[in-house]
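Several structures are given next for inspection.
In the two complexes that follow, chain A is the common piece, with chain B as its partner first and chain C second.
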Partner chain A sequence: MKETSITRRRRHELIIGAALLLVLAVLPLPIRDVYTRNLIIITVLFAGLAQAWNILGGYCGQISLSHALYFGVGAYVSTLLLTRLAIPPTFGMFAGGALGGLMALLVGWPCFRLSGHYYAIATVVVGEIGYLLFLNWDWVGGATGINIPYVRSVGDSWLWLQFRIDKLPYHYAALAFASVAWLVAWLIEGSRWGFVWRAVKDDPVAARSLAVRIFPSKMAAAAISGALTGIGGAIYAQYVGYIDPDSVMYGQLSILIPLPAVLGGVGTLWGPLVGAAVLIPLSELTRSYLGGSGSGVDLMIYGGLIVVVALARPQGLASLIGVRVRAPAGAVDAAAA
Partner chain B sequence: MVGGLLMGLIYALVAAGLSLIFGLMDVVNFAHGELLMLAMYATYVIWLVTGLDPLLLLVPVALLLFALGVAIYHLLMARALSVRFNRGMVQIFVTFGLAILLRGAAQFTFGSDFKSVSKSWLSGKTIDLAGVYIPLPQLAAGVVSLFAFALLLLISRTEFGHALEATREDRDAVALIGIDRNRIFAMGWGLGAGAVGIAGVMLATFYYVSPSVGANFALIAYVTVALGGFGSLIGALVAGLLIGQVEALTALLIEPSLKQVGMFAIYLLVLMFRPRGLFGTL
Partner chain C sequence: MPPLLEVDRVSKSFGGVAANVDISFDVHEGEILGLIGPNGAGKTSLFNSVSGEVTPDAGEIRLAGQRVSGLRPEQCSLLGIARTFQVVRSFDSMTVLENVMVGAYARLSRTRPAMARALETLEFTGLAARADTLAHSLTPAEKRRLEVARALATKPRLLLLDEMLTGLTPVEAQSGVQLIRDVLARGITVIMVEHVMEVLLPLVHRAVVLDLGRVLTIGAPTEVVHNPDVIRAYLGDRYAAA
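Our next item is the complex of A and B:
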């Protein structure tokens, strides 16, 4: 194929992505401090989750606020397969991803008929229904949650995704997850789907007139996004070793997952990464240094930061380091209004 | 049933404020519950310091919230509405950030434990209405909500109300007939927050106050507004009453801890057939 500026740019993105992966792979090695390592793992995990959300919310433009549900379903499915059927989480997390994707389709089927804020609020409500049902469902542990057992007979193992002696392997699990999410987004950007989804996002009426099938496009984006989020949930469950609805399915998580993508640069390849790299350490650090006594100062700083970034850089933080952000169709008129 | 009716009226009033703001400028205020929380704290603090009965605080707190709403519009929303990129998402996350900030501020000032207005003219009294005993605070809250609602409807009939309506229809054209869009939007935020202020005062007479109390009511308010149709006051009233009933019936017939699932399910069911809510035109 003849080299165009687009193929050159996409090759550069792959090279930068690979370099970044290498840096992140060695980053925690010299760090012995458990707290800092945890911070890195959570940041990488959220970069992956935000990227997963970005596929539906950014590229396809559907502001979904029910991703806590897919995250929680992934966490619960892999955990239940482990505790009830002794299926290793390495397989279980794909089952969790499958169920997460299926759940996203089930939610999408009624909700994608709605537009704008009706869609956003309907997804909030669906997420809340899931949370309440799990909270009252005794078979899955109800409000007490599930402790994830350490399978003693096998010890630390990749197959069972359990590491007690050294938590470092979880970093590589999270990194693999984030890399896959990034690669999926990269593939989508270059594929026909990516162009179709952007048309659905920018101008659904025009897209329909060009025979773009809008509903199936949204469903495909939801399935991919939900499945990735479910896998992320399963990895998180294994990492923290305990799940309950208040830790993996609570309503605010549905906003925390898209937050890095939105503040970093929605619908861009690097936005979710940049957003997570800035936001997650800041929120964790303010929480541990200022929020310990429950004084609320950490929340004030965090909330203020979100407001300031959203207003000052509506196109996302990634634009500061030269990531190109396209203004959506009609944005100029809207700005003039 | 009567309890559901009275709760429904409060839901309707909270939702009316949200609906007003949405209808006017296409903004979903994710800090709406936190405005309610602030109104409840304001009532609590003034009551604690001066000993004035909450009923006397209706007007002052409503005015306080009105001012707060106007301030939020001028400081944040005017900017959020004029951004060039991702306007929908920017407004969601600006109001969400504001919610976190206000929650943190409340926690910082009052601590995270529950507070309540323990003594007022209304508290602890019940009234016998044809054999049904109704707690007086709830009854008063319902009646006051109804009055506030009537007031909102009245405002929408005045010249100012027509200016609101005109701005909603076409925010650019109104400039040609001498309406200042910024002023109208600010008034919309003020009125929306003021409605929440009244609901907050009445709620404070029988409901505990905590920094996170708003979240629950906000969620119900979103459902109410979407069910009634964004921008429709009558829709908010009908939907609020409906949701109050569904909540009470689910708690009674199925399981108290699932009462919200009942109202959410009804809402989703209605949206299947009327994707813009019962009375929505937007």
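Our next item is the complex of A and C:
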């Protein structure tokens, strides 16, 4: 079969992805500064989380605002398995991912009967219910949260995903997570699912006339998106060593997870990465230089910059570096949501 | 062998407005049937019933003897009914090739064969040169062609064309007619709704005329245009006698 533009583009994406992975693998090595290393880890983690959201929100076009719930469920499941049953987080994070995906299916079951803005609003409410349940659920620590113990008997360990002084391994954990999320998105783009989901986003009526089953398509996208987000939550929990509803399940997190994807370019492979690389450092810098005064100037400037980007580049920042942008209309809708 | 499509006493109303009343006709394999009638005659409603968009209130629709009325659009598509839309519905964020691949995936689960079929369909419909263009930047005529290509990629037995030639320039309409002839030559049965009578009548084998939701007459194009009822429906009572 003759080579098409699609197969050529996909090969280039894989090469660029591998090169980027290599750069990110060595990036923190010369950096001794703990603050900067932390910034890089969080940026990489959010690149992965935004990519996970992008699978449902970008490719399938379902603007979910309940991803904090899947993130939190992943964090809680792996942490509870560790503290109650002494199961290593390396296994626990897959259980967290499974539960995150299951939760996304439970939310999707009723919410996908709604579409557009109504769907988005319903997910906000569901996310808030989840947050309140965990806040008042004593068995999972309630508002006090759970402290993740350092298991002394095993010491620093990849199996237990615990590293006392040197936080560099967490960078590789986050990088592995982001790479998997990227690879999943890449595989989806080239498969039946990717095409069908984008059709569902663009025009459900036309999609149905081409034998596309809408509801199962949305559910599949939600399950994958929720599962990846749950795994991200589990890794984050091990990294920070303490979780409570206000740190892993708060409503604003459901905005922070999609934000890099929305500003970088929804429904694109590179959008979430570019968005995270710009947004996360930006939010940290405004906070460290302007925050702390209690006046909220940092958040005003951060918010203002987001508005400027959304107005100037509705199709996403990734379009600046020549990434083909698929969804100009969708990007504007998503930015407005 | 039963006819490919049997429309058997189909009625459908929307909130008290009768869109289709007791409509019956058959379509035979390899045939091209025209569905004509003034605005509001119920042509698109009937298309929606056949393609699964809506369920008839009464009556039955059968494809090759199998009941399809009441099935969902995605099931109708799998059984071999494909359609285009009166108001064009392209997947605007996707390229022309990607649009047609969505259709190809209806029967193919792997990407390589789906892409091969999509490319072959683009070749057939004369859109190959536009494969990498985003659908939303196509001309209206190309968008209609894209809808046909997308529908053909599902390998249908029956193709429903809803005003595919409306709003096109005479030259574009002529090449649209040629495309329809090519589709027929492939053994695909076609039902087309059209306002442009002078384009439609030489093309179709038979025409069904609808008026106010009812079948006015069914027959060869020449019979149909000389039917007094048809003239009355289109031109009014004064011309019927002439």
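By definition in this document, the second predicted complex is superposed on the first by the 324 of 337 C-alpha atoms of A that agree within 3 Å, B and C clash if a C-alpha of one lies under 4 Å from a C-alpha of the other, contacts with A are read in each partner's own complex, and residues count from 1 in each chain.
The definition used in the following text is that a residue touches a chain if its C-beta (ideal position, glycine included) is under 8 Å from a C-beta of that chain, and two chains touch if they have at least 3 such contacts.
Given the structure is predicted, the values throughout are model-derived calculations rather than measurements.
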Identify the partner contact of A:Tyr302: answer first if only chain B is touched, second if only chain C is, both if each is, neither if none is.
first
Examine A:Phe91 and indicate which partner it touches, taking first as chain B and second as chain C; both and neither are also allowed.
neither
Which superposed partner A:Tyr172 touches (first chain B, second chain C, both, neither)
neither
In the overlay, answer first, second, both or neither for which of chain B and chain C A:Leu263 touches.
first
Can you tell me whether chain B or chain C touches more residues on chain A?
B
After the superposition on A, what does A:Gly251 contact: first (chain B), second (chain C), both or neither?
first
So chain A touches chain B in one structure and chain C in the other; where do those two contact lists coincide?
327-328
Could you list, by residue number, the parts of chain A that touch chain C in their complex?
1, 4-7, 190-192, 195-196, 198-199, 201-203, 205-213, 267, 326-330
Residue ranges of chain A touching chain B (in the complex, touch as defined)
63, 110, 113-118, 120-122, 124-126, 128-129, 132-133, 135-136, 251, 255, 259, 262-263, 266, 294-307, 310-311, 314-316, 325, 327-328, 331-332, 334-335, 337
Quick one: in the complex, what on chain B touches chain A?
22, 26, 28, 76, 79-80, 82-90, 92-94, 96-109, 111-112, 171-172, 211, 215, 219, 222-223, 225-226, 230, 255, 257-258, 260-261, 264-265, 267-268, 271-272, 275-277
Residues of chain C touching chain A in their complex?
51, 53, 72-74, 77-78, 82-83, 85, 89-94, 97-98, 101-103, 105-107, 109-112, 114-116, 119, 131-132, 150-151, 154
